[in-house]
Each structure stands twice: as structure tokens, then as C-alpha cells.
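When the chains are written out, they are named A, B and C in that same order, and each has its own residue count from 1.
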Amino acid sequence: MKKSVVAGAGILAAAVLVSGIALLRKRTGAGKKENTLRVYVWTDYLDKSVISEFEKKFHAKVIEENFPSNEVMISKLQAGGGGFDLIVPSDYMIQTMRQQNLLMPLPKDKIPNLSFLSERFKNVSYDPAGDFTVPYMWGTTGIAYNSAKISQPPSSWKEFFDPAFARAADKRISLLDDPREVIGAALKSNGHSLNSTAEGELSQAKLKIINLKQFISRFDTMSYKDLLASGDLWMAQAYSGDVVKMQAGNPELRYVIPKDGATLWVDNLAIPAGSANPQLAAEFINFIMEPSINSRIAMAIRYATTNEKARQLLPPEELANPSVYPPKDVEERLELFTDLGSSTELIDNVWAEVRAEDKLEDKPADAPEATDPPTAQRE
Amino acid sequence: MVNSSNPMRKKLLLGWTVLSLALLYTPVFMLVFYGFNAGQFALRWEGFSLRWYAAALSNEEMILALLNSLLIGLFSTVISVALAFTYCLWAQRTRFKRLAGTSDSLMSLPLFIPEIVLSIGLLVMIVRFLKPAFLEMGFNFDSLAAVIVGHATLAVGYASLVLRTRFNSYDIQQELAARDLGAGSRQIFLEIMLPQIMPGLAAAACLSFAVSLDDFYVSYFLSTGGSALKTLPLYIWSLQGRKAMTPEINVVSSVLLIVALLFFCTGLTLSRSRSSVENLKGPT
Amino acid sequence: MKWTGLPAKIWMSLFVLFPFVWLLFLSVQKNSYINQSGPYGFSQFKRALNPPFSGIIVNSLVYSFAASVCVIGIAIPIVRYISQLPPRKRTLWILLCAIPLGLNFVVRIYAWFVLIRPEGLLTLILEYLGINSPLASTRAGVFMSMVYGYLPFAFLPLYTVFERLDPSQTEAASDLGAGTLQRWRYIILPAVVPGVVASFIFIFVPMLGEYLIPKMIGGGLVSSLGTQIESQFLGSTKPNWPFGAALSLCLLVCASAVLFIAVKLLPKGHSGQKSTWSILQIQ
């Protein structure tokens, strides 16, 4: 019978296809869970050599994925995504994550190296007992600029948002792709708190950002640092370590902590609920809290460590670098984000409005192009 | 055909048609063409080479995405065709024609709802409801299962549309005659129904597979932006955001284009019944 | 055979209808960021229907409408031309029109994106013609891309109706002295309305919720209803599912309203069959 032959061939073909796919998936390591550590972390926030050392020592495979902002990270976790074993949220997001049961209590007995934490980070406000998080690195958000292109750099957020300064880097400015950071900077430029939810202050901040929008080329957290180094961007809202690290490749880069205040942030290691391999995650945390390893990471990523012992191992010139470890008087200007609760809606409204492109058209067609400002040295 | 229109008008129309279709095809042709680029960059031509095809073949991430796509396509096709077939069997025979009309609307709902809303509905439902329920029973309802379910839901609408038209031309008299002659249900199914419906089934399967391969929204949301599982379209999506785009993205795209086109065209040819071809919305 | 319809119906209720009930339930929660039910109220809808989101919704509606009209405007002459060709040529041409439907949407949009990038071919051509405006990351670019992306969806529904036009009618009309305009007004248009409405629906509804095009072409600088919804669930703002659900329902209401109006627009013979299924089978 011809038909049964056709049917048989069809079934056979399907069987071959299924088994072939299964075989290939196995070979490429899909679905292999044992001893794989999936890490969800900010871009360039772990040292590659440290990771491979860990992989060798624990016979494990580390898969790294990056997120551009705390908001994206928590979104993916809330949407049930990822199957990650280790995440690196910042201070202000942790309260929400705990309320949503997105974090797993840390197996502290598996992490003896916790004892190396500085006193300052042993009792943080967002997780007083340290049951869920381990402070990892801290830093600031400020202004980066290319000193070869910008002769009159802004020294404060007020100047950064001022068109007179921005015009010198027309279309070569980037802002972080992060609602709290961008709106926070604009709030600071008006002399308000990062965490203000007063409607008048927020709408002033909104106008400032929209006003600046005509000069910026992108909202970017993941790749702005490479564009800064390559000279595509001349000015950016930037994280401290990103700029310090890029100075090796482009010595013209400068980092300023604005006079009118800046963000201080602390990033933390945590194990998300639903992690397939919390044991290995704890091992990993312990491993990178090892002072010798931790200081190596700090020297690679150029952020300030929370680890007292590791700090003592750092070269003195690193500790004296004001961009990484700001002096006392500068530190007084810094402010932490706080969880705004339901007022976050106001921030989101401003963010939606700022991102809506239509405002970009408001740019007066004749004004900036014609008069090339003296501060800009075009290529 | 006699035509009253003047030749000038005809030429204008021809020109318009050629121009529009050229604009439709040019980007895709260029994309495929640049996959044979010898250079480092996706956008600068430096001579012919197959190196990026070799590179793509040894790229585990891409192979994995391709396999994911095929696997998801296969399973969702089986589910959607089975559902569509059993449904059409009922809809054709039921005495309650009005009920059949209402359920026809239900089946075609995914074709009319913006895909983003459909995906979000599925996401919310799976995360809040299905996943915990399955976990309770000791199963892990991962993103692979979620995307399969999503694609099947999307494809059922197309599959039942194709099958329904096929069933409309099904000759039920043959079946009744066979029954009178003493044929059993199995025999009737195998020897009368299946041969008549087969082309429709094959068409439905090909189209379901094509829908699954083409889908972006459902996979994007159910795999949480591709962080949990990458299908081939999601892999291409993730590549275009990277800093340096090598011609590898062109190669991957070409592979996807050809595989999907193959299934789409087979589906179209098999569903020769004209109305089903013409009513095809085509997946977004 | 009485039960065979059940699995499909259960499946669709579970995965299409039930999620909507769930979205409805989510959208009336007052708490935004915390996953707990109650207290209930319409505050999420209130927020969605006030600035800035009301503006984004209106924008999406206007741009999707304009783009759909453009798509249909481009497609009608093509389809008219093809329908007047001899049958064998006709098949070839309509196949050429149908093939892009089988080309992957993401790939097609990416291919287009390559052309309209700052160094892209199309940008260079436009520059040569003296049009010096960037296309990537602008609303104009997103609009063009929408038209490009959705053009293939218009051909088949339009072709079905144009193919059925009886040439003897138009001939008779012109014999009686009717001009082009009159022929279109009294003979062609009434006959093709169902196809135009069907293709409009196929294009407008998905366009309204489009996320991929504004995101890829707009580069995060163009907002649409789709990008706003995505951002509430997976995107750059803190996840706010109740609000995202409210926005999704607004999108759904807009889409249904348009669907309803479109069905109402159909000539009398069709208005009896209001089920969505019948639109698909318009001939």
C-alpha cells in the first residue's frame, strides 16, 4: 500500500528529526544544568580571568548575561525569566525585590569570607542583617568628557544640562538608559534631592532633560564607554569605574563628580529565588569575596571595593584616585537612591515623556548649526 | 482580456508596480548578498567569501537558537494541527451551526488580537498561574514549554482556517456509503477521510511551522526578552544591538529566510484551495 | 464526534480568553509595583488616559492609521495592474507579491534598517536628492518602516476583490461616457470595499501594537503604545504589571473599535455576518 509507505516515511522522518535535535541539543549543552552558574550582571563587572579561575577550580561553567539597568533586571526576574543563579542589584531596588520574594536567603555559613566586609557595609539600610545580599562594589555617577575635544568642561550637573556647554558636543552626548539616574541628575542640577517626588521639581527636571535632548545622540548604559574611548562620544553621563577603566585606552578621558552632587550607589551580590544552583552561587560569592581575588577584580573594573582586606591589598595610587575613592569632602555631596514606593509612577511618567521623540522636533532649525561655538574642535 | 485603458496609464502602473516590488525585495537581497562578504564588517563589501558561513556553522549559540526554533516549531505544529483537526471534525458535523459560528470566532481570535496583547496575556497567565500550578505537581514549566504553548495558540487560528476550507469540500456521502457497506470508523478514517483531508493537513502543518519560525512577539515575551531562551529571530534581534556587527548576522538571517520560506511556500502550494490562500494574513 | 471540538475550545479559552480575564483583573488593581491583589479601582486606567500616555495612545492611533492608508494607497495600483494582466502572467506577479509574506519579519525589518542607517544606501540616495534628514531614530523613519513592513499584507486581500471585477462593467461605463473618476466612484470602489476593509484590518491592528519596528528603527527615541506596554513588563521602567495590563486593554479597545467600525462600513450584503470569521472569508 502506497499510503502506508508514505505515512511510515513521514513518521520515520519526524522521529529522525526529533532525535537529531535532541542529540544536537545535548552536544551543544542546552538544558545541561549541573554545575552551570548563570550570572546576570552589569556589563564588564566581573574579571574574565577570575571567572576562568573559578571555572577551573570548581569544574563549573559560568554563563554571563548583562543588563543595562536595575529596572530591566527586576522586570525579567518578575516575568519568570532567566533561571539565573546570581544577580547584582543596586541598593534601592533591593527592598522591592524582597517584597516580591525575588531573592533567596543567603546560605551565610557557606560564605565565610563575609567577615572581610568593611564595617560600613556590614549594616546597610536596605538589608540590615545582610540576610539576602552581600555588598560587592560601590561607585558614583558623574560626568565623563573627552578633554581633547571639550575645552570648557562642565563641572556640575547645572552646567552639563546647560545648552551653552552641551552645544560644544552637539550630538556627541549620551545619557544613561536609566530613569532614576537621568532624572536624578536633572533634579540635582536644580539643587534638589535625587529622591524628590515633588511634582514641581520633577517637571522642572523634565524640562531640563527635554531641553538637552536635541544635543544627545543616545540613551545608553551598555556601550557608551566604548564610544567614549573611540571618540564617537565627547561627553556622557557615566559610572566612575567605566571612565577610569577606559582612560587606559584613551588618556584624554576625564571623570568629574559634579559640584552640585551625584549618585552614590552600592551594588550587591544576591541569589534570585528559583536559582537552580544556589550552592554553586554561594561558592562563587565566597570566591570573589576572597581578598586577593576581590582586589584583582577591583583593579580590573576600577570600582571601589566593599572588602576591607582587599582594599588593603590595592596599590596606594588606586586608593588615592579621587575618581574611584572620592575624598571625604566630595563624599559629603553624594546621595543614595531610595525606594520611592508607589511614587515611582511619577518618575515613570517623566521618563515616558522624556523618551517620547516628538519633543525633539522643537529644536529651532536655524540656531545651533550656523554658529560653530569656539569651544568645539571639530574633527 | 480586452482592456479599455490607454497604454500610457498601463506603463505608469507597471512602473509603479516594479518600483514598489523592487523596494520590497532590495533590502533582503542585499542582506543575503552581504553574507558572502569577505570583510570584517557587515556594512562594507570587501569581496566574495564563505568565511562567515563557516563561522556561523561553528557558532554554538546560533546552532542552539536554530535547534530551539526547529524544536519549538515541531512541537507547536503537532499541537496546533491536532487541535485544529479535531476542532474542524466537530465544526463540520455539529447540528448547532450557530455555536459553530461562535467557536469559529474563538478559534480565529489570535488572528485579530494585536500579538503584543496576546503575548502579554500568555506571559501573565503562565507566570502567575501555570508555572506555580505545574511546580506544585513537581514539573518545571520552563520557557521552552511556554514558547511552545504560545506558538501553538498562535498557529491554531491559521491551521483551523486552512483545514476548515478543506473540510468544506469534503464529500460526506462517501463516508455514509462506506458505513452502509459495513466499514468501521477506523477504516473510514484511514481510507476515506484521511486521503481527502491530507493536503489540508499538510498545508496546515507547514503554515503552523512557518508561523512558529516567523514569530517574534510570543517568543520575546515568553522567554523574557530572550534572556531565558533564544529562538533564531530572537538571536538576530540580540545581534543587531551589539557594537560591531559582522556579516555573521547576514548569514544567520539568510538561513532563517530560506528555512521559513520553504515551509511557507509548501504550505501555500498544498492549500491549493484558493480561498484559503487568499485569506491568508501571513504571520507578523 | 460530539466531543472532538472540546480540546481546541478548552485550549483557546485557557490561553486566549482566560488571560484577558486575568489582564482585566490586574488592571483594576490600585497597587502598582507590588504583586498583591487589591485594593481595586480604576487608577491605572486614569493614568493611562492622562498625559503623557494619552498623547502616546493618540499618536499611535494617528500614525498607524496614516501608515495603513499609505500601504493601501501603494498597493491598490499594483493590484489593479496585476488583475488586468492575462491569467498566466497574473499568477507570476501575485506570487511575487506574496513571497515577502514568507520572509521572516525580523529579518525583513533588519534588512530595511541597514538601508536607512546613517551610512545606509537609502539615506545616501536621499542625500543625493537633496533630502538631508536622518531616518534612523526618527518618527519619519519609523513611519516609512511601518509602510515597508506591512505592504505585503495588503496585496492578497485586495487582489481577491480586484480579480473579481467584471471588466465588461467598466467597459460599458466608459462606452456610456464615464471618465476614470466616475468609473472608480460608481463601479470599482463599491465592489472592492470589502477587500480594502479586510486589508485595512490586517494592517492597522498589528501596527497599533507594533513594538519591533519602533524599537529597532527608533532606537529607543520613538515611543509608541507597543514600546510603552513592553516597558511596563520587560523594559526600562520598574515593572508595573497592573499599568501594563491597563495599557494593553486600551490597545485592545482601540483595535476592537476599529474592527467594529470597519465591519459596519461593509456594504449591506455583508453587514449581516458580523462574526470575525466572515471578514476572513470576504470574497
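The rule we apply is simple: a contact is a pair of C-beta atoms (placed from the backbone, for glycine too) under 8 Å apart; a residue touches a chain by one contact, two chains touch by 3 or more.
Computed from a predicted structure; not experimentally measured.
*Asks:* Quick check: more C-beta contact pairs in A-C or B-C?
*Replies:* Greater number of contacting C-beta pairs: B-C.
*Asks:* Farthest chain from subunit B, going by the mean of C-alpha atoms per chain?
*Replies:* Farthest by centroid: A.
*Asks:* Roughly how far is subunit A from subunit C, centre to centre by C-alpha average, rounded to an integer in Å?
*Replies:* Centre separation, subunit A to subunit C: 36 Å.
*Asks:* In angstrom, rounded to a whole number, how far apart do the mean CA points of subunit B and subunit C lie?
*Replies:* Centre-to-centre distance between subunit B and subunit C: 18 Å.
*Asks:* By residue number and range, which residues of subunit C touch two or more other chains?
*Replies:* As it turns out, subunit C has residues touching two or more other chains at 233-234, 241.
*Asks:* Where does subunit A touch two or more other chains at once, residue-wise?
*Replies:* 75-76, 78-79
*Asks:* Identify all positions of subunit B at which a residue touches two or more other chains, and write them in rising order.
*Replies:* Counting only residues that touch two or more other chains, subunit B contributes 123, 221, 224-225.
*Asks:* Quick one: which bits of subunit A touch subunit C in the complex? Just the residue numbers, please.
*Replies:* Listed in rising order, the residues are 68-69, 71-72, 74-76, 78-79, 96, 99-100, 177-179, 218-219, 341-342, 344-345, 347-349, 351-353, 355-358, 360.
*Asks:* Quick check: in the complex, which residue numbers of subunit C touch subunit A?
*Replies:* Result: residues 31-35, 47, 51-53, 55-56, 59, 137-139, 218-223, 228, 231, 233-241, 243 of subunit C touch subunit A.
*Asks:* Which stretch or stretches of subunit B touch subunit A in the complex?
*Replies:* For this pair, the touching residues of subunit B are 60, 63-64, 67-68, 70-71, 74, 123, 126-127, 131, 142-143, 194-195, 221, 223-225, 227-228, 243.
*Asks:* Inside the complex, what are the residues of subunit C that reach subunit B?
*Replies:* 1-9, 11-13, 15-20, 22-23, 26, 74, 77-78, 80-82, 84-86, 93, 96-108, 110-115, 117, 119, 121, 148, 151-153, 156-157, 159-160, 167, 170-171, 174, 201-202, 205-206, 208-212, 216, 226, 229-230, 233-234, 241, 244-245, 248, 251-252, 255, 259, 275-277, 280-281, 283
*Asks:* Which of the residues in subunit B end up touching subunit C in this complex?
*Replies:* 1-5, 10, 13-14, 16-17, 20-21, 23-28, 30-31, 42-43, 82-84, 86-87, 89-91, 93-94, 101-118, 120-125, 128-129, 149-150, 152-153, 156, 160-161, 210, 213-214, 216-217, 220-221, 224-225, 233, 236-237, 240, 249, 253, 256-257, 260-261, 263-265, 268, 275, 277-284
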